[in-house]
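All chains are identified by letter, namely A, B, C and D, in their written order; residue positions are counted from 1 within each chain.
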Amino acid sequence: SQGAPESSGTSGGESNDGPKKYAFVFKNTGNPYGEKMLDGFESTIKELGGEVILRSPDQPTAEGQIQIIEQLITQKVDVIAVAGNDPDALEPALKKAKDQGIKVLSVDSAVNAASRDIHVNQANPERIGRVQIEAVSEMIGGEGQIAVLSATSQATNQNTWIEWMKKELEKEDYKDIELVKVAYGDDLRDKSVSETEALLKSYPDLKAIIAPTTVGIAAAGKVLTDKGLEGQIALTGLGLPSEMATYIKSGVSPWMYLWNPIDVGKGAAYAAYELGEGNITGELGEKVDLRDLGEVEVVEDGEGTQIMLGDPFKFDETNIDEWKDVY
Amino acid sequence: MEQKKQTYQPRTLETNLPFSWKRLFFQWEWMLLLILIAVLLLGSYVSPYFLNYPSLRDGTMVFLDKALIVFPMAMIMIMRDIDISVGSTVALSSVVMATLYTSAGLPMEVAIIACLATGAICGLINGLLIVKFKELSAVIVTLGTMILYRGIAYIILEDQAAGGFPEWFGFFGWGYVFGIPFLLIVFAALALLFGIVLHKTTFGRKVFAIGNNPTASRFSGIKVDKVKVIVFMLAGLLAAVTAIFLTSRMGSTRPNIATMYELDIIAMAALGGVSTAGGKGRVLGVVIAVFIIGYLQYGLGLINLPSQIFLIIVGALLILSVAIPKLGGMMKRK
Amino acid sequence: MEIKTENLDLEKKNPLALFYQFRELGLFFFIVILCIGVQLRNPSFLTGENILDMATNTSILVILALGMMIVLITRGIDLSIGAVIALSGMLTAQLVAANPTVNPFLCLLIGTIIGALCGMVIGLLVAKVGLLPIIATLALMNIFRGLTFLVSDGEWVSSYQMSESFVEIATGTFLGLNHLIWIAVIFCLVFFYFLNYTRTGRQIYAVGSNPQSAAVSGIKQGRILFLVYTIMGGLSGLCGVLWVSKFASAQGDTASGYELTVIAACILGGVSIAGGSGKLAGVLLGAILLGILNNALPLLNVSPFWQNGIQGFIILLAVIVNAIVKRRVERIHLLRRAG
Amino acid sequence: MTNEFVLEMKGISKAFPGVKALNDMQFQLKKGEIHALMGENGAGKSTFIKIITGVHQPTEGEMLLVGEKVSFQNPKQAQQHGIAAIYQHVTSYPDLSVTENIFMNHEIRHQVWKTLNWREMHKQARQLLRELGSSLDPKAQMNTLSVAQQQIVEIAKAISTKAKIIIMDEPTAALTARESEELYRITEKLRDEGTSIIFISHRFEDMYRLASRVTVLRDSNYIGTWDVEDISNEKLIVAMVGREINQIFPDKKTSAGETVLEVKNLCKLGEFEDISFSIKSGEILGMTGLVGAGRTEVCQAIFGITAFDKGEILLSGRSIRNKNPQAAMNNGIGYLAEDRLDQGLLVDWSIEKNITLANLSDLSSFTWIHRDKEKRQAKEFGEKVHIKATSIFDSVNSLSGGNQQKVAVAKLLTKELKVILLDEPTKGVDIGAKAAIYEIVQQLAEAGYAVLFVSSEMPEILGMSDRILVLKEGRIAADFVNRGITQEMILEAAMGEEQVQEKSG
């Protein structure tokens, strides 16, 4: 017989008095990007009068997140927001949570449709792919070889964005741009450096690198700086302003993109609150009030639904100084 | 014989030990039991959700999957070896199972058998390399295969996840039998089985003998190599069993599951009193140690302590539990 | 008195004998063949620039492997070095972020001291309390890693917070070679001298070779063990600073799992886990092999999904080939002695 | 105050947890004398030595060095006071070179640089070894040497410290008569140069040959000190054992039956060549030769531990090939290993588990071990060989050498065997226990076992064997029927240039 025989708590919300509990499970600890998101989530939920629980496993693994979700179920939280380390592997755990009446939303990295009520997308992946190709094209004058330096070969977000980049490159405007390689630095400094160096050696005519990941873009920036290649090879992608400040100012990376993780956390908090209060259910076409972030509509995302926050934000030398201390 | 002059006085050897309180109480398992009780009390003190049957019951499901490997790991450590490839073996067997089911379209039952076979073969390869190349230690062999097995998992599944298993497969990781988690039942059964094998059978005796003195064991007619290969195979097999439970809990699999499991497992065995210097260890101690670490983590999780604090606490616990008896011994001698 | 080892004298007269005595012969050939293979596939492999890159990237591994070698020789192991690297790197980086004017040498010194302190804790637990090294360092690995997250509060220290002079430590060059290469070379020389020409150096081998005899010959074992872990800690601390300077970023999970790479380098180089034996040349070769793999696999355009598998396969192959060559050499010795 | 004694020990006691190893020990050592220390296994001799060298600290008593009171907290201090020791269990560094073994912890350093002076150390090592009559290469790694060679290195090490007192704890245990002779010469030379020597041995010949005085210990107690000339053999044995032993070697009752084991042209590259012999049931075949002659190798090849290249082994006329020790044991061949600590016993285990280790399959059903059966068997065989212990649960490392050896023998007896290969069964065993072992061996032969008795000690080879094989450099140098054979004849065969082929008929 499957499923708990005597359910260990009927439903999360109803059996509890007092403020509702909102939990956010990020990918791993010690990740400043995540810390900012958690900050945004925490402050917003507090403003709204809920109780906040912030958790992350010490390693970015699905197993760690499953453990945490189990513990959250036992604590009878009302809403779980999760940035998934794996889209599918959390399904049984999150389903168990949903069975007990807990509302589930994913943020930043989606979990599959069956295990969530809604996904809060930091930005439209299609747009993310497109702006980076546009940027690179502008930096290299519309022709030449480019390469992508990604995180791990399994990172879902990055893989989606890279797919969109490839689609974008099929356009007529970019026919002279050749994507020669997608390399994976596994979000490790040393590996990202080796991979970047190998790119430079294997493709002497390389004109630009797109690195849609924080560790990767910073490592690539470092290699290009050390080898004195600024102006010859352009670098763009997605990175933390604090990590990239040096390279943006030195011109190694003329500009790059990211959204504001604090806002993502905020958006997640509002969505979580609306879900928890029963104001929305995650149905297609619902309107979600994200207060100062505006009102957005629930749209389709594969088999599930999502809301999308703003476009990625462009960081260049004019604004990097004011952002580098923020996140 | 009687007519010969005896050059020695006849002696008798006692075969019954007098009862001794000291022997009964100066045992590692009591200390572990005390720690476990302390952990449970602490847990109930800090969190209202901790000390009730459903919570303790479901808590076990959070940590018991990897704990299955602790039994053969204890055997390996008793033999003065170590296996750091078990995490990769979990990943590879899981990936093979999922691929055979999803891509090759084989029935799930066959895929499960293939998973077990994969684990056993991984263990077999470890064992064979270790006994054929004695100049290489188990550390280097399993370090190599650790990278290799996970590498093969990546080659098979690349960046894909594989899942969509039949409904009943979820039973392994999430199911209950008579209100008890299936995983807990399997764990208990394995604990009993390994306890018997290690402490009551000739095989277990041989494992201890090898840990104490491999040369003398060989000279006494123990097939040291065979025993080693079998134990490493068991480790592979149990890694595959873990793969089944873990995959069931996640509903899908990827090549990067079960990373760093080996360290957690070694920590559990060490806390349980298994000495990596060989020749010592008991299944009971290992079982208690599993629950100590498991419930400690679970309890701290319920009060939402950051996971890095947990790292520190487990580290300190490991050191204190091993150091305190030693320090006590040092005091007594002075 | 007739003793068979007189024959040992004969070996010296054979010009090949010296060659045979070099125990990592198999490994050396393996590396040569590997290099030729890679070069044929990608001609940019054996260019000056790439060799320099490779050397720079392998320097930290070499330094750490030296420390790990002496730990292994005493029958110990240190699993905490990745965590010590992270802790010392993080603390030093925070210092630099707070005082950009700190002298880089002071940074190196402070990092080394932090690491040495960590190492002393291990040394005390192993030498005085008598914990097994694998347990003690496994536990401290967790503790140091946890501490790193606590002191950093999950934040990173980024390149803009680091002073030019600090980053210069790992990027600057002297006589055309990166500072890191120089540091590694200096440490190799110091270790060579230390291990072969000082009493303490030889006592490290003695303690690992036979602890009981070391005790009866009056060697203070506890002191040697303490020293060895302190050195390992100091080197890890130093490498923490170098790491952070090289990558211009300090994270909580810096060098996570790096201890296994370092141990792999040592064991590849013929250091015995059972203690007592291990040569600097071997360890150097081991580290170089790993360095080549890290450099060559991306260059060969190997699919990222295959890299892990290939790396594991090559490591296994290398140790097995080395073992087989060693057996062959011993067989040749035997034949000669018999004939 | 001038002092006749370089070393004086007064009222020394030492207690280990649970054991009183030494009780009120008295000892006086003169300058330039060789002083023998004798006693049964476990009498406390080695413990006493370790107290002198600072490895252990006495619980009570005081120690005077040339009249001055000293107490050593560690071995280094003893070394600095000119005391050097060669310990019972060779304490070498297997991974290091001969030179390093000799100079460990008192290395020669450059005057200026304070770095180790390898050139000088190698030179001196070579010199020292040459003085000892050995041409070992100082750069050779220790674990490539045979036990005898290691012993020589140990002696060189003691001499290299320029010690005034050298202690030798059973240095001859691993040596043959020839090598012992060499050692006597070295020892006497040292004495003549003014060094005082404490010499521990279970061999009476050593004592008579070397020592001027002898001190006897029994059961941790000091019994007395005598001039060697003044004390008779019988009295000495009584002092040591506490009772009379009228007959050391049992009466021989040769009643050889059919040939059980036959070895034909056994060869192994670099170890032995062309070994052929046969043993009948009830027969004891002695095998001797110089250390390194390959006796152990032959035994281990027969027992299936190492493989051999050529040749044949026949058991009761049937050709067998033992792939591993288990196969050998199933075929009815047992082997008592030479190195009991490393190869024979699990020293951390109890007597009981050691005895039954080789016979677990008979004590279990479906691999489940029956503890009662096991205990019964351990008791039976433990008593059969007269192990001196209180219970079968005593740990083996709490036993003295002789009793440890008896445990190993008891283990061998649990299996049903036809042939037993005994490799140095009395090495390091006291006179009382030796007699007991001889008697056990004789009983085995009478019970129909075919016994191969390997030993370096001539008296016991002559006293025990029906026939004697002499090995030289891996070949059979002689095959005697033990009738009217003398030590000289054996030695000649073991060392002589031409092969003495005296086929027994």
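Convention: a contact is a pair of C-beta atoms (placed from the backbone, for glycine too) under 8 Å apart; a residue touches a chain by one contact, two chains touch by 3 or more.
Being a predicted model, the structure only gives us computed values, none of them experimental.
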Any chain that touches chain B and chain A: C
Pair sharing more residue contacts (C-beta pairs) when C-D is set against B-C: B-C
Chain at maximum distance from chain B, centres defined as averaged CA atoms: D
Separation of mean Cα positions, chain D and chain C [Å, integer]: 43
Averaged-CA centre spacing for the pair chain C and chain B, given as whole angstrom: 30
Between chain D and chain A, distance of the C-alpha-averaged centres to the nearest whole Å: 73
Centroid spacing, where centroids are CA-atom means, of chain A and chain C in whole angstrom: 37
Touching two or more other chains - residues of chain B: 154, 158-159, 260, 306, 308, 310-311
Residues within chain A bordering two or more other chains: 29-30, 58, 153
Two or more partner chains touched - positions in chain C: 145, 149, 252, 272, 304-305
Every chain pair in contact, whichever chains are involved: A-B, A-C, B-C, B-D, C-D
Touching residues on chain C, where the partner in the complex is chain B: 79, 125, 129-132, 134-136, 138-143, 145-147, 149-150, 252, 257, 260, 263-264, 267-268, 272-274, 304-313, 315-316, 319-320, 323, 326
Touch list for chain B against partner chain A, complex: 47, 49, 54-55, 58-59, 61-63, 154, 158-159, 161, 163, 168, 170-171, 173-177, 179, 246, 248-260, 297-298, 301-302, 304, 306-308, 310-311
Of all residues in chain C, those that touch chain D in their complex: 1-6, 8-9, 193, 196-199, 202-203, 205-206, 208-210, 212-220, 272, 276-277, 334-335, 337-338
Chain C - residues contacting chain A, complex: 42, 44, 47, 49-50, 53, 57, 145, 148-149, 152-156, 158-161, 171, 243, 247-249, 251-254, 294-295, 298-299, 301, 304-305
In the complex with chain C, residue positions of chain B that touch it: 82, 84, 129, 133, 135-137, 139-141, 143-152, 154-155, 158-159, 260, 263, 266-267, 270, 275-277, 306, 308-312, 314-316, 318-319, 322-323, 326-327, 330
